[in-house]
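There are two complexes below, and they share chain A, which is joined by chain B in the first and by chain C in the second.
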Partner chain A sequence: MPHVNLQVPAVAVREIRLNTITGFAGNATELVSQSRCGGLVDQSRSFTQCLGCSTSNAACMVTLVQDGVVISHGPVGCSSCLHEFAFTYRVNAPLRGVQNPTQRHIYSTNLSEDDTVFGGNQKLADTIREVARRDTPQVIFVITTCASGIIGDDVEGIATEAEEELGIPVVAIFCEGFRSKVWTSGFDAGYHGIARKLVRPPRHKRPIINVINFWGSDIFSRWFEQFDASPNFITPYATTESLAYSSEALASVQACTTLGSYLSGALEQEYGVPALRAAPPYGVAATDRWLRELGTLLDKPEAAEKIIARDRAEFLPRVEELRSQLKGKSAYVTAGAGHGHSLLAVLAELGIKAQGAALFHHDPTNDIDSEDADSLVAAVRDYGDVPNFNICNKQEFELVNVLNRIRPDILLARHGGMTLWGAKLGIPSLLIGDEHYGMGYEGLVNYGEAILEIVENDEFVKNLAKHSINPYSKWWLEQPPYTFLGDDE
Partner chain B sequence: MSKQLKQIAIYGKGGIGKSTTTSNISAALSDMGYRVMQFGCDPKADSTNTLRDGTYIPTVLDLLREKKKVDASEAIFTGYNNIYCVEAGGPAPGVGCAGRGIITAVQLLKQQKVFEELELDYVIYDVLGDVVCGGFAVPIREGIAQHVFTVTSADFMAIYAANNLFKGIQKYSNAGGALLGGVIANSMVHPYQHEIVDDFVARTQTQVMQYVPRSITVTQSELGGKTTIEAAPKSTQAEIYRELARRIDEHDTSQVPCPLEPGELKDWAARWADALVAIESGEVRDPVGAAI
Partner chain C sequence: MTKTDTVQALLEQSPVDLIEQERYTCAIGALQSVVAIPRAVPILHSGPGCGTMIQGFFERSTGYAGGSTSPCTNFSETEVVFGGEQRLRGIIDGTYKVLDSDLQVVLTGCTADIVGDDVASVVADYRMEGRPIVQVETAGFKHNNFVAHSDVVNAIIDQYVDRYDSDWSARSDKALVNVFASVPYQDPFWKGNLYEYKRLLEALGLKVNILFGPQSGGVAEWQSIPTANFNVLVSPWYGLPIVQNLAEKYGQPFVRFGHVPIGANETSRFLETVAAFALEAGAPIKRHDIETFIAREEQAYYEEIDNLATFLLEFRYGLPNHVHILHDAGYVVGLARFLLHEVGIVPKEQFVVDNTPEEFQAQVRADMAAASDKRPIPLYFSPDAGAAQRAIRALTHKGRGLIIGSGWDKELAREKDYDFLSASAPSPYRLVLTTNYVGYSGGLRVIEDIYGVVLATYA
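Let's look at the complex of A and B:
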C-alpha cells in the first residue's frame, strides 16, 4: 500500500498522495479515461468562492467519537464552526441506537498574537491537562490550524509527552487548511492520527466488519448477520475501545471510497484486515458485486446470494413501479466525490436521466489502489456517461449557472446549504444527509419514493422562485458556466 | 536486510563554517563507503555547493513554487562520490516564513519515504543556526535526527548561538527529540580559543568532537567549488575532517545538554573577556578555564 505511511506524524495531502483535482469540466467518461494514466490535469480557477477547511473535516471525524474530546490548537475562530458536529452527533444518534448522546466537548487553545510570537507549546500542554482534568476523556484529539502550523509548534511532541503522563491516547492531527485545497485531506489526517495512536494490535479475530462511514442509518446489521458478523462503525459513534480493536475485524468496508480508503488501507497494511475492493452498494449492479465480493472475502458466498435473492424479492417489484412513475424525469447531482457517484448510480437505476453533476473533488486513484473500488468507474461502466460533469469545490456560482441552464426536474444534494440554489430557481430539491439511505435494493425504493414525492409536490419551490432574488447578476447567468475555469491568468 | 539509518543535524551560527564542515563530513563518510544524503536547511540554499563543483541546485521549495505537486526525487541531485544533495530552500530575505519552509520541505521528503527508498546510511541536516523559531527546530524533534552536533568558533556570538541550540535540544529532549552529540570547534587558531570552547563544553556538560583549525587549504578548496576531502585529500586538514567523520560514525550515545542561563552566560563571557585582556597584555595567570 504505497500511499499509507504511518511513520510520519502528518499525512501527505491528497494532491500529493492521490493526484486529486478540484477543477474539471467535461463528461464522466472523459474524467474516468483521463484518470490512472497521468492524463488528468487540475484546472485552476481565476475566480473562486470560499472553500472548506481540512481542520473542519478532521474535527468531523473525531468529534463524533463517543468518549473523546477535541482541542483545536489555534485561534478561536478556527473552531467557530465545529459546534455543527455537536448538532450532527445529537440528531443522528437515534440512527445508531445511541439513546443519550452526550454533549460534545470541543475546546480551543485560543492562540493570540502573543502566542504566535512566543509559541503556543506551553498553552497546548496546559490545555491538554486541563481538559483531561475536567472531562476525564478516554482520548484527546488535538487538531492543528494554520497558525500553529506556521509557527511550527511541536504538537506531536507535546501530545506524546502528555499521553505518557495522562495514560490516555493524545492524538495529534495535522490538518492545517493551507496545506491542501482538497478539504477531504482533513478526513485522512484524522484517520492517520487514529491509525498511528489509537489502533492497537489485534488480540484475536472477532466477527466484526469495520464500516468506515459518516452517520448514516444502520443498514449493515441486516446484511452482516447473514455473514454471522456485525458492523463496527468508524468513526461516528465509535468508542476509543472499538477503534482500538478495529484491527480484529474480518474485513473493512466503506460507505464511500473517497472517505474510507485511507483508514481501510492503513488497517490492511498494518494489521492485515482486508479492505473490500468493490464500489459501495448503490444501484443493483454495484450492490450485487459488493455483496458477492464480501461473501468471497469472508468465505461465505452462499450468504451473499441469499441476501441478494431476499432483497430482490422484497424490493424489486416496488423499484419497477417507481421506474415507470419516474420515467422521463431528469436530475442534477451535487455532492462529495464518492457519494455523488453513488447517487448517479441510484438515479440511473431508477431510470432518471442524470443531466450533470457538480462534485467537490476527484481522486483519480485511492489508498487501496483499486479501480474496482472506484465508484465513478463503476457508475460509468454500469450505466454509461454523464454529461456536464463538473469538479468544483463547492463553487456555487458555477452550480447556479449550470442549474439555470439545465433546469432539471430535481436537484439532489448531500450537503446542507446546496439545495437552496435549486429551490430559488424553482427546481424541486432533495437533501439527504443519510449516506446509507440509498444503499442496496432498499435504498432504491427509499430514494425513488422521496424523489417522486418531491417532484410531485413542487408548489412550494415554484412559489419560492417567484419571490426570490437571485444574488447572481444577469450578466453572469448568461456567461458560459466555466468561464473562470482553466485560465491560469 | 533493512539498514539502520543514522540521522544527524548540524547547527551553528550563520557564517561559522557549518556548511563547509558538514560537506567535509559527508564527503569523508561517503569515502568510508556509506550512502549519504546532505540536506541543506537554510534559505540561502548553498549547503551542498562544494559537493557539486560550486553549483547551486533547484531547491524543494523552488519546485513547490513552480508546480503544485512535487515529486521528491526531482529535488535530489548527486554530488561528489554519489552523495545525495538536497536543499530545502526558502523565501527571499525579508519575506514569507523560512521556518515553515523547512517544515514543508522536510515533511515532503519524509512522507514520500525517500530515505528508505535510497537505502541511506546517513542523512545529515545542515541547519541555519540560532533555532529562531519552531520551523528551525524541526530537524531536532519528532524523531527526525537522533544526534545534533553544533559548530562553533571561540567567538562569543557563536557560543551564544550554540547555547541557544542547547536550550532547544533540552526543550525537546523529553519528547523523543534529538540529543546533543557534541561540539565541533571551528576556526581554531590560538590556544586560548581551545580553552574557551573547552570551558564552555565543560559547563554545559557536553564534549568537543574535533578541533578544526582555520586553514587556507579549506578556503582554496572552497573557491574551487570543492570540499577539502575532494580537493586536497592528502592534506592535514582533510585528515582532521576524516577523523571527525570517524568519531561521528562511532558516536552512538548523545546527551541532554545543560545550557547556561542568560545571566550565567553573561558572567561567563565577562570573565573570559577579562582573562583575554590579561592574555593580550602578557599577564601570567593560572589556566584560564579553571580560574573562572
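Let's look at the complex of A and C:
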C-alpha cells in the first residue's frame, strides 16, 4: 500500500523516504538482492562534479501545465534554465494536439542580499499578487530554492494567504537543491503540491487512464482505445481542470516507475485510483505483462490479448530482422534509474549485450510498494544480470573512465551531456529524447532501427575522436573507475 | 498620456522588483568567464544545481571544463549545518588529480556564502603551495553575472596575475593593450567579437591581449597583463571595475567606448578613439597606417552597402521600417545607431534589460541621444523583460516591425506579426559559433541576419 502524507507541506526527499542511493559499484543482481533485504548502504564520493537540482525537476513538472504560471522564489540564477521548458512546451505541443501553445510565464522573485538578511516573505507575497494581476492564471506554482530554504521564508504560509486572497490555488513546492542528491526528489515535490492543492474528489468515474510522463509522443491512445479509454496525460500539457479530475480515472500508469509512483500512489491512496503494478512496457516480456495487468485491472483481459496478438504480428518479423543485423553488438547505458532499466530491456530484446550501466540513482523500493512495478527487478528477471552496474549521479569523470576501458560498440544515453563522451571516444552514441519511443513492440523496431543507423553512420564520431579535447588527466584514466567512491565519511 | 508615459507606466507598475523572462543570470553565471579562458577550470562550492542552471541558461557552453565537467561540492544538509570547508578541500584535491588545468577558480554559491565558509583561507593554503588557484564570492543573491564577471577577472588579477608582477615591469610593452569587452557567453557573439577586436586593433599596429576564447594565449597571456601600456574597455557599465583595478595596481590608463561598435561609422570612430589614445600613450603606431587601414575597410564595407541599397530602397514586397531592441545597454545603443544610419531601420522604443545600475543610466541615455539630432529614441531600463514585452504589445507603429532580442521574444514577434532576430541570451532558437557583430564585417553580418529572416517569410 502507498503511504503518502498529504497533510504536511513538504514531502521527504528520496534518501529518507525510499532509502535511495547514489553510489554503488557491482552488478545488477547484487543491487537487486541487496535492495530487498535492506542491506543497501549508500556510498559517497570524495570528488564530485555538478549534479542536477530538485528545483529544476519540480519546474519540469509544473511549467508545462497549460494554464499555470511559475514563480521561483530565489535569486535570479535559480530559474536560469527554465526557458528550456518554455521551448519544449512550444515545440512539442503538436505531439499532444495543443494547437496554440501559449507563452510560458516564468518569474523570479529575484532575491537580493538584503532579502537574505531581512527575509523574502513580503517580496514573495507581492510577487504572487503582481503575477496574478499580469496573467490571470488558473494556478500559481511557487518553487523554492537553497537561498529561500536556508533563510527560512514561510513559503507555505504566504501561499495559503495568497490563495485565500486571490481565490485560485497557489501551490508551494519545496524543492531546495541542497536537501537531496537525488534530483528526482524534485518530481515528487511537484506532484506532492499538485496532489495536495489541485486534485479534487471525483464526481464520477470516467473512461480515462492517467499517464504520468514527460512530453513524449502519444503512443497510448492506440492501446487504450481497445480498452474503451483514453489517456489523461500528467503533468505536461495538462490543465488545472484535467489535473483536478485525474481522481476520476480508471487507473494510473507511468512512463517510468521512478517518475510516477509518488503521484500514482497518492491518487490510489486518496481517491482509490488503482496504480498499475507492472514495470513499464519496454521489451516483449514487460509489454505483455503490462498490457495483461491493465486488462485485468479494467476487467477487459481479451482487449489486452487482442493488442498483443496484433502488435506481435505487425512488429515481430521486423524485430527478428533487426536482431540478426545487430547480432554481436555491445552497449553501455547511462540514464536515470527507471528509464535506464527500460533501455536495458530493449537492448536485451534486440540481442545487444549490455556491458554495463551508469544510472543516476537507485530506489530500493517505490511509493506504491510494488516489486512488480520495479523495472530493474523486471529486467534482471527477464534477461539476467548486467555487469559493471554503477549507480552514479551523472559523474562524468567516472563515465569517461569506464567508457575508455569498456569501449562498447554503442552508448545509449538519456539526459543531456553524456553522449559527448561516447562520441569523443569514437563510440556511436544515441540519445532518444522521447521516452515513449521504445515502448511496446513498435518501440523495439524504433530503437533497433535507430541503433542500426548510428552504428552504420559512424563517420562523424570517428572524426570527432581524432580531434577531441580531453581535460581528464592521464593518471585518472589509468585508475580504477570507482577510486573516489566510498573514499570518505 | 503620451506613448512614452504609457510605456514607463507599464514598466513601473510592478510593486516589487521581480523578474519575468530573465535575460541574464546570477553571479555564479560568471563561471562562464572561467570556462572562456583556455585550460582554466571553474570549481563550484555551491548547491548541486548551480552548474546545471548556468549550463541550461547559456546552452552549448561547456567549453574545456564547464558544464558536467566542473567539479562541485554539491552542498547538502550536512554542509549547511556543519560548513563545507573540509568538503571543498576534498574537491580541490580531486580536481588536481582528475583534471589537467592551468588555472583553477573557486566560485561560491548562495549556500556557502550564507553558511559563511572561509573559502579564502582554504584556497590560500593551496596558493601557498604554489598552486594557480583563485577564489571569488559569487553568491547569486549578491550580484548578477554582468557584475560578477568583473569580480572573477579582478580575482584572477589580484590572486594570480599579481604573483607574476615581479617578473615584469608594469607598462613595459608600449605596443601591448589588454581588451575588456564582451562578457563571455552572456554576449552570444563573444568569440567572434573578441576575435574581431583583436584583428582590428592589431591592424592599427598594436599587440592585443584578448584574454578569453581561442584567440587568447591562455594563462601566459594573463600573466603579461601588467606589461600592457593601457587598457581598452568597450562597455556601457560592466567591466569598469576591472580597468579601475588595473589603473590602481599597475598605473595603466584606460580608454573607454560606451557601446558595441557595429558597422562602419561606429567601428571607424572606435578605431580613431583608441588610436588617438594609443598615440598619446606613446604606443609605436603610425597615424598614416591607421588612416590607410580604416579607409581600406570602409571602402570594402561601402561596396557592399552600395550594392545592397537598391534592394533596401526598392524591394516592393515589404521590409521592416522600425525596430524594438531588448538587449544589454551596449548592444541597444550600438545596434540602434547602426540600424538608423547604415540600414535605414528606425529605432522606436528600446529596452535595456541588463539591470544597468542607476549611476550609469544617464550616460547610456546620453550615448543614445547622440545617435540622432533629429529624433529622440525612447529608452527604458528594466531587467523585468516580461514587463517590457507587455509594453511592446501595447505599442503600435506604422509599417512592418522588427524585434531584436532573446528567444523569449520569438513568441512576442509572432503575436505582433513582426520579424524577429535572436541576438541575445538566452537563445534557444539560434546557433552562434564564431559569428561577430562587432566591426565592419559585423555590421554586414547583422544586415545578412535581418534580411535573411525577412526573406525567409516569403514562401
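To be clear about the criterion, the second predicted complex is superposed on the first by the 485 of 489 C-alpha atoms of A that agree within 3 Å, B and C clash if a C-alpha of one lies under 4 Å from a C-alpha of the other, contacts with A are read in each partner's own complex, and residues count from 1 in each chain.
Everything below uses one rule, namely that a contact is a pair of C-beta atoms (placed from the backbone, for glycine too) under 8 Å apart; a residue touches a chain by one contact, two chains touch by 3 or more.
Since this is a predicted model, take the numbers as computed values, not measurements.
J.: Clash or fit: chain B against chain C, after overlaying the two structures on chain A?
T.: fit
J.: Figure out whether A:W183 sits in contact with chain B (first) or chain C (second), or with both, or with neither.
T.: Touch partner of A:W183: chain C, not chain B.
J.: Roughly what angle, nearest 10 degrees, sits at the C-alpha centre of chain A between those of chain B and chain C?
T.: Once the two structures are overlaid, it is 90 degrees.
J.: Does chain B (first) or chain C (second) touch A:I151, or do both, or does neither?
T.: After superposition on chain A, A:I151 lies in contact with both partners, chain B and chain C.
J.: Which partner chains sit in contact with A:I16 here, chain B, chain C, both or neither? Use first/second/both/neither.
T.: first
J.: Check the residue A:N5 against both partner chains and state whether it touches chain B (first), chain C (second), both, or neither.
T.: first
J.: Between chain B (first) and chain C (second), which, if any, makes contact with A:G417: first, second, both or neither?
T.: So A:G417 only meets chain C here.
J.: Between chain B (first) and chain C (second), which does A:G52 come into contact with in this model arrangement: first, second, both, or neither?
T.: second
J.: Going by the touch definition up top, name the partner, chain B or chain C, that contacts more of chain A.
T.: Of chain B and chain C, the partner in contact with more residues of chain A is C.
J.: After superposing the two complexes on chain A, what is the shortest C-alpha distance between chain B and chain C, in Å?
T.: Across the overlay, chain B reaches chain C at a minimum of 5 Å between C-alpha atoms.
J.: So chain A touches chain B in one structure and chain C in the other; where do those two contact lists coincide?
T.: 150-151
J.: Residues of chain C touching chain A in their complex?
T.: Contact set of chain C toward chain A: 14-22, 24-29, 39, 41, 44, 47-57, 59, 62, 64-65, 67-77, 79-80, 90-91, 93-95, 97-101, 109-111, 114-115, 139-142, 144-145, 383, 386, 390, 407-408, 411-412, 426, 428-429.
J.: Which of the residues in chain A end up touching chain C in this complex?
T.: Residues in contact with chain C: 46-56, 71, 74-84, 86-87, 90, 103, 105-113, 115-116, 123, 126-127, 129-131, 134, 145-147, 150-151, 176-181, 183, 394, 396-397, 417-418, 420, 469, 471-473, 475-476, 484, 488.
J.: For the complex, which residues does chain A have touching chain B?
T.: Interface residues on chain A, with respect to chain B: 5, 7-12, 15-16, 19, 42, 119, 149-154, 156-158, 160-161.
J.: What does chain B use to touch chain A in their complex?
T.: Residue positions touching the partner: 68-70, 97, 99-100, 103, 107-108, 110-113, 133-138, 141-142, 172, 174-177.
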